[in-house]
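We just call them A, B, C and D in the order they show up, numbering each chain from 1.
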Amino acid sequence: MESYRGSLARPGAALLWLALTAAPAAAQGGSGWGIREENVSALVLFIVFSIVIVVSIRLARMGRPLFVRRIAGLNAVEEAIGRSTELGRKVLYVPGIMSIDEVQTLASLAVLKHVAKHTAEYGTPLDVPNKDPLTFAAARETVKEAYLEAGRPDLFSDDIVHYITYDQFAYTAAVSGIMVREKPAANFLVGSFYAESLLLAEAGQGTGAIQIAGTAEVAQIPFFVVTCDYTLIGEELYAASAYLSREPVMLGSVKGQDFVKLMLLAWIVIGLLIATFFGNLALQGWLQPQ
Amino acid sequence: MFRKRIPLLLTFIAGMLPILSFLFRGPALRDEDPTGNGILHVSDTFERWMVILAAAALLLGVVNVFQVNLRKISNRAQGWPYALVFLLALTITGFFGLWDAFSRASNTAWYAHAAYNWIVEAGFKPLQATMFSLLAFYVASAAFRAFRVRNVEAAILLAAALLIMLGVNPYVVRALPFLPDLTQWTLNIPNAAAQRGIIIGAALGAASMALRILIGIERSYLGLQKGE
Amino acid sequence: MTALFQRLMNIDRRWLYLLVGLAAVIPILLPLNLPVNVAQSVQDLYDRVESLPAGSVVLASFDYGPSTGPENDPMADAFLRHCLARDLKVLCIALYPLGGVTEGAEELQRAVGPLDPANGVLESTAFPGKFYGRDFVYLGYKDGGQATMRQMGENVHAVFPREYYQAPVTDYELSNQVRGYGDVSFVMSFATGIIGEWWANLVNAQYGTPVAVGCTAVSAPKYFAYYKAGQMFALLPGLKGAAEYEYLVKQKYGQIAEATAADVYNAGKGWDVQSIVYTIITLFIVIGNVGFLLERRQRRS
Amino acid sequence: MASELWVWVGALFTLCILSFLYKDNPFFRFAESAFGGISMGYYINLTFRNTFVPNLIAPLFHAGPAYSAATYPTREPEHWLLIAPFLLALVLYSRYVPKIAWMSRFALAVYVGYYAGLNMMQKLQGEVLPQSADTIRSFWRFLPERLPIWLDAQTRTVSWGEWISSLVFVIGVLAVLVYFFFSAEHKGVVGGVGRLGIWFLMISFGAAFGYTIMGRVSILIGRVIFLVDDWLGLG
């Protein structure tokens, strides 16, 4: 656990605390400083959210039990890589088509690191074709690090993470070609996808590979659910890195996120009752559609 | 130590900029900025820089594509002729593309524009539209294979899909006049409710992931060892 | 019997692809004219156009691009021909950035015939006696979305100083006559995304101008809420709506029926393709399930 | 039969891609490679035309096609500041210099950091708050004084159907939220509500899948028209 002692968690939490204490003072305006009235509800949610997450991380570090329900898709990751190793075929990892400004891509890179560590340990060939240049640059660093951590830097080569093209459909054509020709035994489609989700998943399904998909693009989830063996839906993708790493600090943040959702559920139910039966209560301000 | 702490610090600072400009107002940076959204102005300027950085990253892709394909051609790896086709197409389109990009304003080299446009109309657009049109076939094969009554959930999935598909069939609608309204209701109520549930949950998950990145716990994107 | 379903259940997907391919080609080459039953939201548009006195002016807005042509183009053809056959006057504009202006020009000329106002070619070949500038006019594309819509409420000439062929709008009788939403009987928007909604929740809400929309299938659920709430008096949902409206217009106007039949593509053909593909998929789902259940019963016994 | 060459090339490329439906073959592979190269060139043009020439080269270097004395009369401070993204791009390219390759992480760190912060705000302010607030208003909007103004007087009552639909809607949202709970095993109450959540999810996935078929088929119709009319002229 000591690995995080030198991390930024402590100064980060301190700065957030500073923002909280300074906020009321700044609210009076002074020399042009002040809270943006139109975003005050976001400020409150941001403060509450940050506090709960940081506190639950500290609790996790102090050894509080951290139960997280089974996520089928993530339990199947190791099984899929094992199958590829037995069949002597490669593992294909598609990190989505968006750049690292999209949080889903960053979640995908976290899963990629876990997958790469296994392919390094088992010596299974890994293929990570990219559509976005920045995702490509980040993925290369992630996979190199994973092979280092697994103690097999010798297995890492520059061909594992490679760039295809910047067009969504040209990239899909190339990846469909890889799926059909090189017949990887495990296809990972994790990250942000649009219309090409079904093109990739159906092409992969035809080759008989195990397919694990994960995205938060609501419009594309149905296509993955219908064609893939396992699908990580919405927040399951974001919890993947914590779930796979099993590290208390990461799991702590997921627990914190759950607690905020519990508060949100309560706020919705209570708000619903108040709004319906007392209609024009002080909640009014919050209810006005912006 | 220096190589690891600096990137994490940069991430934190770059991350706080949009948050602060979103939540607070800063002092007026220049006289013609009476509303005092100084921080917003800084954040917007920073965003324009990020767009330029993302565009500059394209070169990383181009360099890698040349490396991979040239290596494939030089040692006659399997499928090297296709690598040659790729590089030729890239060089020709790239050449006319750059020439067009730099000459379009002054329209001196109209033929550069004409050649580039010809490649886009003859190659890029039809290839893109046809790849997209494959979805009509894949939707059919996916529906045929997946909509099977294996369990309760699969049965509901099938029922909802059939409800929508039968809702547009004129014969069926004549037999069951209430069907279009039921289709509308299914899309507007249960479908919208489920999507909202996913959106709220995913938004919390994304915010949690973003926070983990800002305070330096989530760093796999940087390829930093936990202990490094 | 089960052997047949067994084989059908595990059929090679490429037979399915062949069927979908044929279903997409055959109706385009030889029209099948499958029956159509008209929804109320489509009938409302037909009745409104039929009820307007001759000489009334309607505003047609092209709010879509080439990518959704197969769904929106047939709506525009049928509507423009219907209005001209009813001796209404049509003022056309385009608000969609990615190629909206070319869609507008192409569709107008497909309905009325080739035009070249700059060199005096004003008369419509499809509707003899009707002239560009007096019976129909096209003001071209203007970006700005909601801001442009609000400005048009005050003064259309400020938004569109020149018509599509670059002559001042005051040169032509029809474009000169229309200054604001008050001068048109209703607005017809052919839309793919958000612009159709703006016509309803902005122009209809603030100016009270009746609004009808022809939208793509994907955005139809969204627009139905506006139709049900009364903010739109009519709605053509996707190709299904277009085929129903085209059917109504063809019934009454023989001349339009011939013109539509002559087109290589129209709503009727498009809808035939959709109906057949839907039927194929539904059929194969039923086959797949019957085979699956028979197999499970066999395994159990 | 079409006379222009570009129609022929477009039609042959279309057939090459469609041949992939039968099986992978050299024609598809050729089209795939050509498509990759052409699309890369297309985005090189787009990147220079939309970003570099107007937003970097013109303001910073006062050169290039987009620069003219009229548009850039003086040297504004923010033009000078464009040195920063230019340097950040060079840092990104440091990847090719082995000795200082680790520096390229700085550029990635800044880019990821900025959008992580931006995303956090957009998700909280743009999704969590409005969607939750709208769910709270599910019944509030039916109160007599809340009904939209354009509903004329006598129809301002709300049918039982709309109340029940809103109830079903709220139950659906809450059930799906509970289904994705991480901290509780799917047993007992949570299990029950979670199961209801899965049913809502399945209705949504089935309906969404069924509904998009129409849009996908329209795109195919567009290609068929190009082949049948523009190329073969059988129309």
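General observations
In this text, a residue touches a chain if its C-beta (ideal position, glycine included) is under 8 Å from a C-beta of that chain, and two chains touch if they have at least 3 such contacts.
Everything numeric in this text was worked out from a predicted model, so none of it was measured.
Chain closest to the overall centre, judged by the mean of its C-alpha atoms against the mean of all protein C-alpha atoms: D.
C-beta contact counts were set side by side for B-D and B-C; B-D has more. Put simply, the C-alpha centre of chain A and that of chain C have 41 angstrom between them.
Centre-to-centre, using mean CA coordinates, chain B is 5 Å away from chain D. Once the centre of each chain is set as its mean CA position, chain B and chain C turn out to be 29 Å apart. Between the Cα centres of chain C and chain D there is a gap of 25 Å.
Shared interface positions of chain C, i.e. residues touching 2 or more other chains, are given as 13, 17, 20-21, 24, 221, 240, 274, 277-278, 281.
Multi-chain contact residues of chain D, defined as those touching 2 or more other chains: 17-18, 20-21, 29, 31-32, 35-40, 42-43, 92, 95, 105, 108, 111-112, 114-116, 118-121, 123-125, 128, 132, 135, 170, 173-174, 177, 180, 201, 204-206, 208-209, 211-214, 217, 219-220, 222. Shown for chain A are the residues that touch two or more other chains, namely 39, 42, 46, 49, 100-101, 103, 106, 134, 137-138, 141, 164-167, 169-170, 173, 221, 223, 225-226, 233-235, 239, 254, 257, 261, 264. Judged by the touch criterion defined above, the protein chains form a pattern that is neither an open path, a ring nor a star, and not fully connected either.
Pairs of chains meeting the touch criterion are A-B, A-D, B-C, B-D, C-D. Of all residues in chain A, those touching chain D in their complex are 39, 41-42, 45-46, 49, 67-69, 100-103, 106, 134, 137-138, 141, 164-167, 169-171, 173-174, 176-177, 180-181, 219, 221-223, 225-226, 233-236, 239, 254-255, 257-258, 261, 264-265, 267-269, 271-272, 275-276, 279, 283, 286-287, 289-290.
Across the interface of their complex, chain B is touched by residues 3-4, 7-9, 12-13, 15, 23, 26, 31-36, 39, 42-43, 46, 49-50, 53-54, 57, 99-101, 103-104, 106-107, 109-110, 112-113, 130, 133-134, 136-138, 140-145, 148-149, 158-159, 162-167, 169-170, 172-173, 195, 198-199, 201-203, 205, 216, 218, 221, 223, 225-227, 233-235, 237-239, 241, 247, 249-250, 253-254, 256-257, 260-261, 264 of chain A. Residues of chain B that touch chain A in their complex: 8-9, 12, 16, 19, 22-28, 36, 38, 50, 54, 57-61, 64-65, 67-68, 124, 127-128, 131-132, 134-135, 138-139, 141-143, 145-147, 157, 195, 198-202, 204-218, 220-227. The residues of chain B lying in touch with chain C in their complex are 136-137, 139-141, 143-145, 147-150, 158, 161-162, 165-166, 168-171, 173-174, 180, 184, 187-188. Looking at the complex, you find that chain D touches chain B at residues 5-7, 9-11, 13-14, 17-18, 20-21, 29-45, 47-49, 51-53, 55-56, 64-66, 78, 81-82, 84-86, 88-89, 92-93, 95-96, 102, 105-121, 123-125, 127-128, 131-132, 135, 165, 168-177, 179-180, 197-214, 216-217, 219-220, 222-223, 226.
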